[in-house]
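Shared chain: subunit A. Partners: subunit B in the first complex, subunit C in the second.
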Partner chain A sequence: MYPRWLWRASALPGTVWLFLLFLVPLYAVVAIAFGDVSPIFQLPVPVWNPLDWHFEHMSQVLTLFAPSHELWLVFVRTLIYVVAALALSVLIGYPVAYYIARFSHRSRTTLIVLLLVPFLVSYMLRMLSWVNLLAPDGYVNSVLTGLGILRTPYDWLGGHGFVVVLGLVYGYVPYLILPLYATLDRIDQRHLEAARDLGASRFSTFIHVTLPLSKTGLLGGAAIIALPMFGDYYTTNILSGTPDTSMLGNQIDFYFHGGPQPTVGAAITVVLAAFLVVVMSYYLFSVNRAQKEMHAV
Partner chain B sequence: MSVVLPVRAPARGGRLSRRLRRTADNPWGRPRFLGAVTWLYMAWSIVPVVIAIQFSFNAGRSLTAWQGFSLSRWYWGDPINSVFKDPALQHALLQSLKLAGLDVLIAVPLGVSLALGLARWRGPGAKAANFLMLFPLVTPEIVMGVALFLVFLHLFTFIHPGTTAQLLGHVTFSISYVVIVMRGRLFSIGRDYEEAAIDLGATHWQTLRLVLLPLLVPAVLASAIIVFAISIDDFVISSWLSCGSSCDTVPINVYSAARQAPLPSINALAAMLVYITIGVVLIGYGLYRLAMRGNRGSLADLGV
Partner chain C sequence: MRVGASAMGASSVAPLLAACGSGGGSTSSGGGASNGGGSTPKGPGGIALARPNHPVTLPLDADNKAIPSGMKPETGGTFTVFNYFDYLDKQVLTDFGKKYGVNVQLSTFDGIDQGIAKLASGSVRPDVTEMTPDKLAEVVAGKLLAPINHSYIPNLPGNVLPNFQSPFYDVGARYTVPYTMYTTGIFWRSDKVTQDIPSMSNPWEIFWKSQAYKGFVGVLDEPRETIALALLRRGITDINTEDPKLIAQAGKDLEQLSSICNVKVNETSYQDIPQGRSWLHHAWSGDPILAVNDYLPKGFDRKLLRYWHAPKGHGPIQNDCWGIVKGTQKPVLAHLWLNYILDDKVGYDNFVNYTGYQPPLKSVTPDTLVSKGIVPETLRSAVITENDFGPTSLQEMTLTPAGLREYQNAYSQFVSGV
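For the complex of A and B:
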């Protein structure tokens, strides 16, 4: 009913924008990672033609990723932090989403508004509030020493992995709860009633009905928070700031801003992106399978 | 609520375990444990921020010891260090607002038009464009930051790091959010209204202007609010495309000051963003309600 060209024309500006300012820039990272370095100033020179690519920087970076080398440690640390933060987020987020979706009645609106509050507060303020609380003379230390749990104030911000993990959980868990809540809320209550009528206990109803039905939301929420966590460098910088807790993002930041070798930084970025593409493919595969299972039920 | 339950098996064990088993087996019982976890989570997620905002009203210079209430000191009272007197803080606030405002003005029209196109354009290229639109949503910000930084340094060299580059970056990550929100609304209103309008003799242009666009207003408002909120919260893109201190936004300022013994003015600066975001959300929600008057749609239309 509309002229044919209309919708194509309507999609054009946005598509061109994303092509020029998203796709081309991504290619620029690859062109630098496989590019040249000018001999005098050691400045990176992008090589746009794949046929002329140099592989020495990339292979040099890849050897750094080999076990017991410099970047291997950082990579393993990043993986541990993200997996730990993800597990904790699910442990905290699932019960909360489940309770709000199934058991809150009069308090539901209040709880949903409270759930949205972190989205109105900037991430940096939320981290700053923990810097204030965890300071040597901050509230956390004064409460713990006041109760006699700690004898002397603990140096929370002195470079502890668990503080970084807790910071990541604090920062990202709202983004997990929201999609999870949406999925759990959409589950037809009659499924649960049927399971109960057929004699399943509360626990086995949860394991065999609710959990499988919420799998897509759970996987989706997990991907939504895991991807940015892999690229995070500011949380660990603000809550620890020592090389002992440095993540892959910190290395990229370092090679571009502190170090002299943007080419190495670009190569690490490519490795990170490639790793995430693999993780994402597995994720899409399992979501696909979960959806098929759901339709088969 | 008390419901008589059919007795299953006689419970064995002591009184406590019997009571536990009864609680676990009662499908109508209130799950007290889950409720406690939920409310504890809410407290954990909100109380630290409330304390941080409280300290922006501290009468003294400490961020850890409460020294009395002062409404104005760190906002405008202190002649050197308050948000409205310290040029750096003032400038960061303006930069954040400038970026967020311009981002809304550019990203929302681009995203609305892209969403319309993607929802209705059938043909080669539509699928690729759809895929391209989803990509920024799953790309970690640091990858996008590095990419834009390098492309402005080596290819689009006429754009230098600075406000323009920051704005281009913000629009790039905002477009996809607009498309997602618009798409939900487009699917839920369907094409019936437009077909009716055409049948009643409206031209294409009239249908677009008088039927479709008014129906999209609530989703446009919702996406404008979302774009404003994510733009004002952004740290990574702004920081990678920054030109130095004169391009600092509020999150960049907070980030660099956090571990350097800051004054409560940094809390006041960050709190300003919270007040502004809440204000924008409330105004947007008011307009949204106004636009949704007499409309049977709900938040679910937006895919929320």
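For the complex of A and C:
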């Protein structure tokens, strides 16, 4: 019998890790958002004590997040891209995860390895490879014009929102598939068999049994890919590069990359983080409810 | 509306200005900062804002003196060069290390602001650093650079264009030697762009008449350069203006480019133009030279590439420089680096074999580059001469923090695409 404190102590390394690498940096961003800039170098000067915070930068950034203002419009564009990319990722990722979990008995390991292979190459390089593939004289245009689908090469890299969305899907979909596969794989086959024995069709079994039981994995995978998508800036930089497809991450990058207003970049980061906390709260609430429903089954 | 322009308002700007103008304090001791105009606005640390027609002598500090003459170079250990990632041929580093018996390493930054932030925080401790003239007042006021002793740098008077032996931003070359020089102009493909750009009454206007090239037009991803483009398009040659109305108008003009040509914002014209991803681009003169030497697809006719830059006084001309980092443990070697980079062969090879950005050396002329085939006749305009500089030339230089904010806000509005 182990003492009770031992189990609690085992969480200590993770807690320290989380504190040092998440909470402290997060607070540093907040301290910069409410801080100042150095007079000569215009570098951010964090103000650690909340009693000394300056609120003018945050208040003005919040003004710009008001409907029809600059950052609101960029936020809406970002939201549309992320929601579209998320929906496409689910449409693509769910069948793949479902197939691997349910039908790929002997090829399962191979398929999982193939899913993991993209992780061996950096995200940036994978995106850069698309620049060559989508170039006016690239393979995509060559194939499409060769097959007669296009008469002339299409300007894929000319600044199109749908190309950015496809780029996000390509970059992040493996992160959705893996947790989804893990959840689908754990579904007790007897539940499915019971549904079939009770007269449910394959489709009905999927809708009423498989889908609800995979909800936690689906939500988890969606959260894993949605969070980085909201802060993404290099996908649109590489695949578009036009102001019309600029995302919120580009604005943050712009203010942090140089110039006299790093506080504004930090304030935008804090606002985005606050929004994501709301989204994550819904995720946690949904997962909690789904788990209760699962236990009730 | 922009972050800060009307939102932050003057109330937040004024204290900061005061802090920069006087609070930073003069670093003058002995050789104080001075300027030709006498009434120009003050920048970081109270140093006057240098302009081509308002030369500035940077201050010297009693506790930051140049090394004495006649010292022997340090040997052994590591000598660290701080620069952009792709702005120096690695062979130059290797050869310098071999010549002076030292291990040379390159430490890099993405942008000059990031480089200065690293230097100021002490997270890097290089021996020499690349620097831009518009940031020079900042780094001198912040005491990040050491003054130089010219006796170690005979190549400065020997090889360098006269204009750079005592440049307007650092009269007497107290802290820097020049590295590269370049104009900002228009880079295009003559097989795709039908207008005769040089013969237009105002060639900068081409970007606002580029509907036919939608999706294949780009501007530099650099607030100062791009706002300057919009100012010049309206015939405003004060590219260091801090007038909020002019800057805001320039931002509005840039916003039009999205609907006109779905403009791209990047710094990769040297790759995009020859490879067909862009046909018309706002570019630096080093870009076409880099393009013809390193990025031409097989079978591509290099004569199709064209570059235009405005006559003196109507378009930006810039330069970069090198300085010695204060506190270096290898000060003599740091001086020798400054001398080495100004060697005729080293500077030429670094330019031709790697950077594409012209060194300010007397030996590098349009005629020599064209005759050697480095630059085709059609790109002769990408090569700079001594005559392109002078008091009437335009160079994007140091601004006050309030001015910088105006540029940043206008540019932010443009790149947000709203």
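Keep in mind that, in the parts below, the second predicted complex is superposed on the first by the 262 of 297 C-alpha atoms of A that agree within 3 Å, B and C clash if a C-alpha of one lies under 4 Å from a C-alpha of the other, contacts with A are read in each partner's own complex, and residues count from 1 in each chain.
Just so we're on the same page, a residue touches a chain if its C-beta (ideal position, glycine included) is under 8 Å from a C-beta of that chain, and two chains touch if they have at least 3 such contacts.
Because the structure is a prediction, the values reported are computed rather than measured.
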Inset, instruction - Using the superposition on chain A described above, determine whether A:Ala135 touches subunit B (first), subunit C (second), both, or neither. - result: both
Inset, instruction - Spot which of subunit B and subunit C makes contact with more residues of subunit A, would you? - result: B
Inset, instruction - Classify the contacts of A:Trp17 with the two partner chains as first (subunit B alone), second (subunit C alone), both, or neither. - result: first
Legend entry - Touched partner set for A:Val113, first subunit B, second subunit C, both or neither: neither
Inset, instruction - Please work out whether A:Leu51 is in contact with subunit B alone, subunit C alone, both, or neither, and reply first, second, both or neither. - result: neither
Legend entry - First, second, both or neither for A:Ile252, with subunit B first and subunit C second: first
Inset, instruction - Would you check which partner chain A:Gln60 touches, where first means subunit B only, second means subunit C only, and both and neither mean what they say? - result: second
Inset, instruction - Determine, under the contact definition given at the top, whether A:Val278 touches first (subunit B), second (subunit C), both, or neither. - result: neither
Inset, instruction - Go through the superposed model and pick first if A:Ser122 touches only subunit B, second if only subunit C, both, or neither. - result: first
Inset, instruction - For A:Leu147, select first, second, both or neither according to whether it touches subunit B, subunit C, the two together, or no partner. - result: neither
Legend entry - Residues of subunit A contacting subunit B in one complex and subunit C in the other: 131, 135, 137, 157, 237, 241
Legend entry - Residues of subunit B that touch subunit A when the two form their complex: 24-25, 27, 30-31, 34-35, 37-38, 41-42, 44-46, 48-49, 51-52, 55, 63-65, 110-111, 113-114, 116-118, 120-121, 123, 125-126, 129, 132-133, 135-136, 138-144, 146-151, 154-155, 168-169, 171-172, 175, 179, 194-195, 198, 204, 207-208, 229, 232-233, 235-236, 250-251, 254-255, 258-259, 266-267, 270-271, 273-274, 277-278, 281, 304
Legend entry - Touching residues (chain side subunit A, partner subunit C) in the complex: 37-43, 56-57, 60-61, 63-64, 69-71, 73-74, 77, 131, 135-137, 155, 157-159, 237, 240-246, 250-251, 254-255, 257-261, 264
Legend entry - Residues of subunit C that touch subunit A when the two form their complex: 1-4, 7-8, 12, 16, 19-20, 23-24, 44-45, 110-114, 116-117, 120-121, 138, 141-142, 214-216, 218, 223, 255, 258, 262-266, 275-277, 401, 404-405, 408, 411-418
Legend entry - Interface residues, subunit A side, partner subunit B - complex: 1-3, 6-15, 17-19, 21-26, 28-29, 31-32, 44, 46, 92, 95-96, 98-100, 103-104, 111, 114-115, 117-133, 135, 137-139, 157, 170, 173-174, 182, 196, 201-203, 223, 227-228, 230-234, 237-238, 241, 249, 252-253, 256, 262, 265-266, 269, 272-273, 276, 280
